[in-house]
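As structure tokens, the structure follows; a few thoughts come after it.
In order of appearance the chains are A, B, C and D, and numbering begins at 1 in each one.
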Amino acid sequence: MAFNILLQQLLNGLTIGVGYALVAGGLAAIFGIMRIVNFAHGEFFMIAGYVLYYGMSVLGLPYFAAAALAIVAVVAFGYLIQRLTIEPLMETDPLNTLLATFALSLFMFHSVVVISGSGGRTIDTPFDGVITLGNVILTEQKLLVMVAGVIFLGLLAVFLSHTPVGKQMRATAENRYAATVLGIDVKRIDRFTFGLGIALAAVAGVLIAPLTPLVPSVGTAYTLKAFAVIVLGGMGSIPGAIIAGVGLGMVEALTAGYLSSAWKDGVAFLVLITVLLTRPNGLFGQGVAH
Amino acid sequence: MLSIDNLIVNYAQVEAVRGVSIFVGTGEMVALIGANGAGKTTVLHSVMGLLKPKAGTITLKGENLVGRPSNRILDLGVALVPEGRQLFSHLTVQENLEVGYGRKFRMRFDRKGFQSRLEKIDGYFPRIGERLNQIAGTLSGGEQQMVAIARALMSDPDLLLLDEPSLGLSPLMMDTVIALLTRLHGEGMAILLIEQNARAALRISQRAYVLDSGRTTLDGEARPLLNDPRIQQAYLGL
Amino acid sequence: MIRIFLTAVAVVVAIGAPFVVTDLYFQQVMVIFGIYAIFAVALDILFGFLGVHSFGHAAFFGGGAYVCGILMETYGVSFGLSLVAATVLSALLGLLVAIPALRMRGIYFAITTLFCAEVVRLIVTNVPSVTRGTMGLTTPLPSFPGVPYGYENLGFYYLTFAVLALSCFLLERFRRSPLGRSFIAIRENEQLAASVGVPVFRIKFYAFGVSGGLAGLAGAIYAPFIGIISPDLLSPTYSAMGMLMVVVGGFGTIYGAIFGAFMFSVVTEIFRAAAELRMIIFSALLIAAIIFMPRGVLTPLIDYLRRPSRREPAVLDVNRKDEA
Amino acid sequence: MTHLFQAFDITKKFAGLVALDQVSFHLDEGEILGLIGPNGAGKSTCFNVITGTLKPTSGRIELREQDITGMPPYLTAHMGLARTFQHTTVFQHLTVRENIEAACWLRSKVGLGCTLLRTSSYRSSEISLKTSVDDILSMIDLRHVQDSRAKGLPYGYLRRLGIGIALGTNPALLLMDEPAAGLNPTESAEFSKLARRLRDFGITIVIVEHDMKVIMGLCDRIVVLNYGKKIAEGSPGVIRRDPQVIESYLGKSHDEAETARA
């Protein structure tokens, strides 16, 4: 019996962890290549959830169509934001991009509050069934999160290691100067990276949003979790972010299951601050792909 | 081929280059020597479009290079081997070469073109072929320098710029690099070489320019300069 | 001279204003402005003077509010004593945060301060027996000596502006002293400052305490004034609010921080903008300010007015000495 | 006889790479010492180890017979060791005068309380500080621009201001990191004059510099590093003719190279 509870918690943790891995993987890519910390990252996750909600409830679209719409819309919005606010600041004091993305997160958060109110929204997907495996239960949506999440993470890995652009991204992350010398259009890589990072957050948003009541503050929560994850995984390391993301999800689920759900965020922060103090380069060190 | 005329570059408030004119003919190997801080790297960076000159012109085969982004300059046939090698040390040797080859923003990779280019280059670096899957950072210093040169050659340049290729190399490895440059030059590639080891550079070059505090103080045939006391003066002061 | 005159005018106006405009709502807005201004000035000690960019100052503002609220509500401690306790405890909290944070550089520093604030928020949210958790804590209205019942706003008004004036006075005095120059040296170039013997870490550490204490004092006045406080006070939104005020006003100058607070509280209040709309406007303004006016809105304006002769451009004549 | 400064066998390794290998040298009061060597010879590492920016792996550094090995920079400054930086490292947004004032931290002995209360001790120390700052401004010849912001001043001025900031600590030993880099010949000559003036004033100077004209013309003694090792030491005349030094800079001469190949 106790084993079943453990298994159940681990499964829940895996679902959450895949979400963290997607959000943090994008954040790690953006940091690794552009050297900026995107404080608004979770807000893109949140907005994807809201576009999904309105796509389904107002436009009456089916789940997958609304999800696709949400991802496209959020990426387009992110691209616009990158061109308008981040690109002009890339060559200036790093504090500027930090402040700008912080302001951006406020802007997005409060805009959603004005448009949709601060109350929760629930999204009903067609995957509301429950799968029972022995004593362990799993909703179909959670299964979808895991399957789709793993597929997307796998696609990301393949993309980074096997496509020219993926290799250029890793090269740029490691040595921007050498990349420029070799004729890589680093500005273009930046734009693409930002778009990709946002897309991953949006994917996580459309997958996770139906699992929880959707509130505007979920964005900030995810930003903070993603920060914890990329610090744990080694700033800028995408594989590190994925491993640390899944790991954090598990630890949180176990904490929620065995201690109290109120303190599960505390565990993340505690682990984070300990890591920062003892190993400032994170558990897995530096580098985008290794 | 390359013609730099009266180049002036300010770098971090300093007039790093104050009126330098350099000419590299087709298939010519030219050395650019001088003490540290004389402005040699600044000249190469200006050619490569990494720095914006304050004044002066840089033309390649009659085409103006000033104001063009680095990737366009590369397309015109210039490649730079930067100081300190600057490999992508977490990527494999092959990936380093691929990045040097397929720099255009494309999702599909021209594998055929890459292979044929690689075979061509393999002739220069006999041991690169065995090490394609090795992580670049684990190579020895000399091997890294070889990969750095090979990576620059992947773009099939007409003019190769090298910034201190012998820095930090053992004498034996240095000889290998020198031999490689001589061979490339023999096959008709134009080379502009910055080298701290002035004597080694002068021995293999046809012509040389001596830079001092951002100005050309001496130029001419390389061989006669070898034992010219003014070289020693430029380095050690008198 | 102009400075003294302007200061005198400001003091007279500040003292007299509540007697001229007796509107309760106006007084409330002014108190909020004053509290925000103290908070902004506190943040500016780190941002402006030392170039230390704390992203978690809500911890001190909210922390001060909670200390004051809990002491007054639960333990019946007097308002004055609660203020002192809140200031001291917030200062200690500041020092506590500084220990891990100051070991970090750049973004790590930003993230660490942000997370320290989150930890405080988490604690406050999760010990409802003390803080009432997300329900919020009500705080009794204090009585001010010499202020009749029903006129507490006046008490808050004078308290707030006295604190603001005193902290500005001391800071300004400090800023213009040689000791203050060494502080600014840290902001300008930490490595260079250390090379001339300035103990950078120690100064930053104590400044964290002072800034945290002052922010806590602002929060401690805020709690009984508002009457009910919730863990929202500790959220990144409040940290951001302080940063908005400092950056929009232009950091490193005390008047910039006050101007930022004024814009944030009074001007938006005049337009009766809802709280949410105000944050939208201000965050957009902040982004615009970072891109187009990195030195804030007010500083370039004042520089322009201060120029000895406005017709001549402020370009230095480098040849002056050679000609002489 | 005791030396003002002594470095004993300082070694510094970075991840297995030996950047400095048992380097020893000393300085006597009133000397100008040049520290030279080709690119990557370990000059910067040596400089950073002395100023406390880097901790040596082994070895010992003494100033006035006191051990300063591994002391952080702000404490070495207290011991009387000042440094200048490469390029224009000044407080950009302060005026010239404020730059020097900011550097006088060690001279002003009044505490925070006195500063805030403006006590008489504060005022008298402010007056003495003003005189010191005036003296430094005259020394570096920047009095005429004392109220201009550092940002935007000509490069040569900023280099002098950088030296003025170091003088703010009232140093016994001044280390200069490439003080003549980027200066034109007139400015270099002016710099040499200033350095001699500082020496006459009782300040001992170490210069790391690439401009050999400056080094050869200014230094009493020169220490040459190559591959992290001290390869020569002596007067400019000796160093200039030292075959090992020449080889380290120019590479092997023709004949030697031929012999090596044979």
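Everything that follows uses one rule, which is that a residue touches a chain if its C-beta (ideal position, glycine included) is under 8 Å from a C-beta of that chain, and two chains touch if they have at least 3 such contacts.
In UniProt terms, the chains line up like this: A, C = Branched-chain amino acid ABC transporter permease; B, D = ABC transporter ATP-binding protein.
In this text the structure is predicted, and so the values were computed from the model without any measurement.
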Partner chains shared by chain B and chain D (touch criterion as defined above): none
Farthest-lying chain, centroid of Cα atoms versus that of chain D: A
Chain centre separation (chain B, chain C; CA means) in Å: 54
Chain A-chain C separation of Cα centroids, rounded to whole Å: 33
Approximate Å spacing (C-alpha centroids) for the pair chain A, chain D: 49
Between chain C and chain D, centroid-to-centroid distance (C-alpha), Å: 41
Of all residues in chain B, the ones touching two or more other chains: none
Touching two or more other chains - residues of chain D: none
Topology of the chain contact graph, where touching chains are joined (line, ring, star, complete, other): ring
Chain-chain contacts as defined at top: A-B, A-C, B-D, C-D
Contact footprint of chain C on chain A as seen in their complex: 37, 85, 88-89, 92-96, 98-100, 102-107, 109-111, 113-114, 220, 224, 227-228, 231, 235, 262-263, 265-266, 269-270, 272-273, 276-277, 280
Contact set on chain D toward chain C in their complex: 51, 72-75, 77-78, 82-83, 85, 89-94, 98, 101-106, 108, 110, 112, 115-116, 118, 122, 126, 129, 144-145, 148, 152-154, 157, 165-166, 168-169
Of all residues in chain D, those that touch chain B in their complex: 38-40, 87-88, 155, 158, 178, 181-182, 184-185, 210-217, 240, 245-246, 249-254, 257, 260
Residues of chain C touching chain D in the complex: 170, 173-174, 177-182, 184-185, 188-189, 191-200, 316, 318, 320-321, 324
Residue numbers on chain C that touch chain A, as the complex places them: 53, 55, 100, 103-104, 106-108, 110-112, 114-116, 118-119, 122-123, 125-126, 235-237, 240, 243-244, 247, 274, 276-277, 279-280, 282-284, 286-287, 290-291, 294
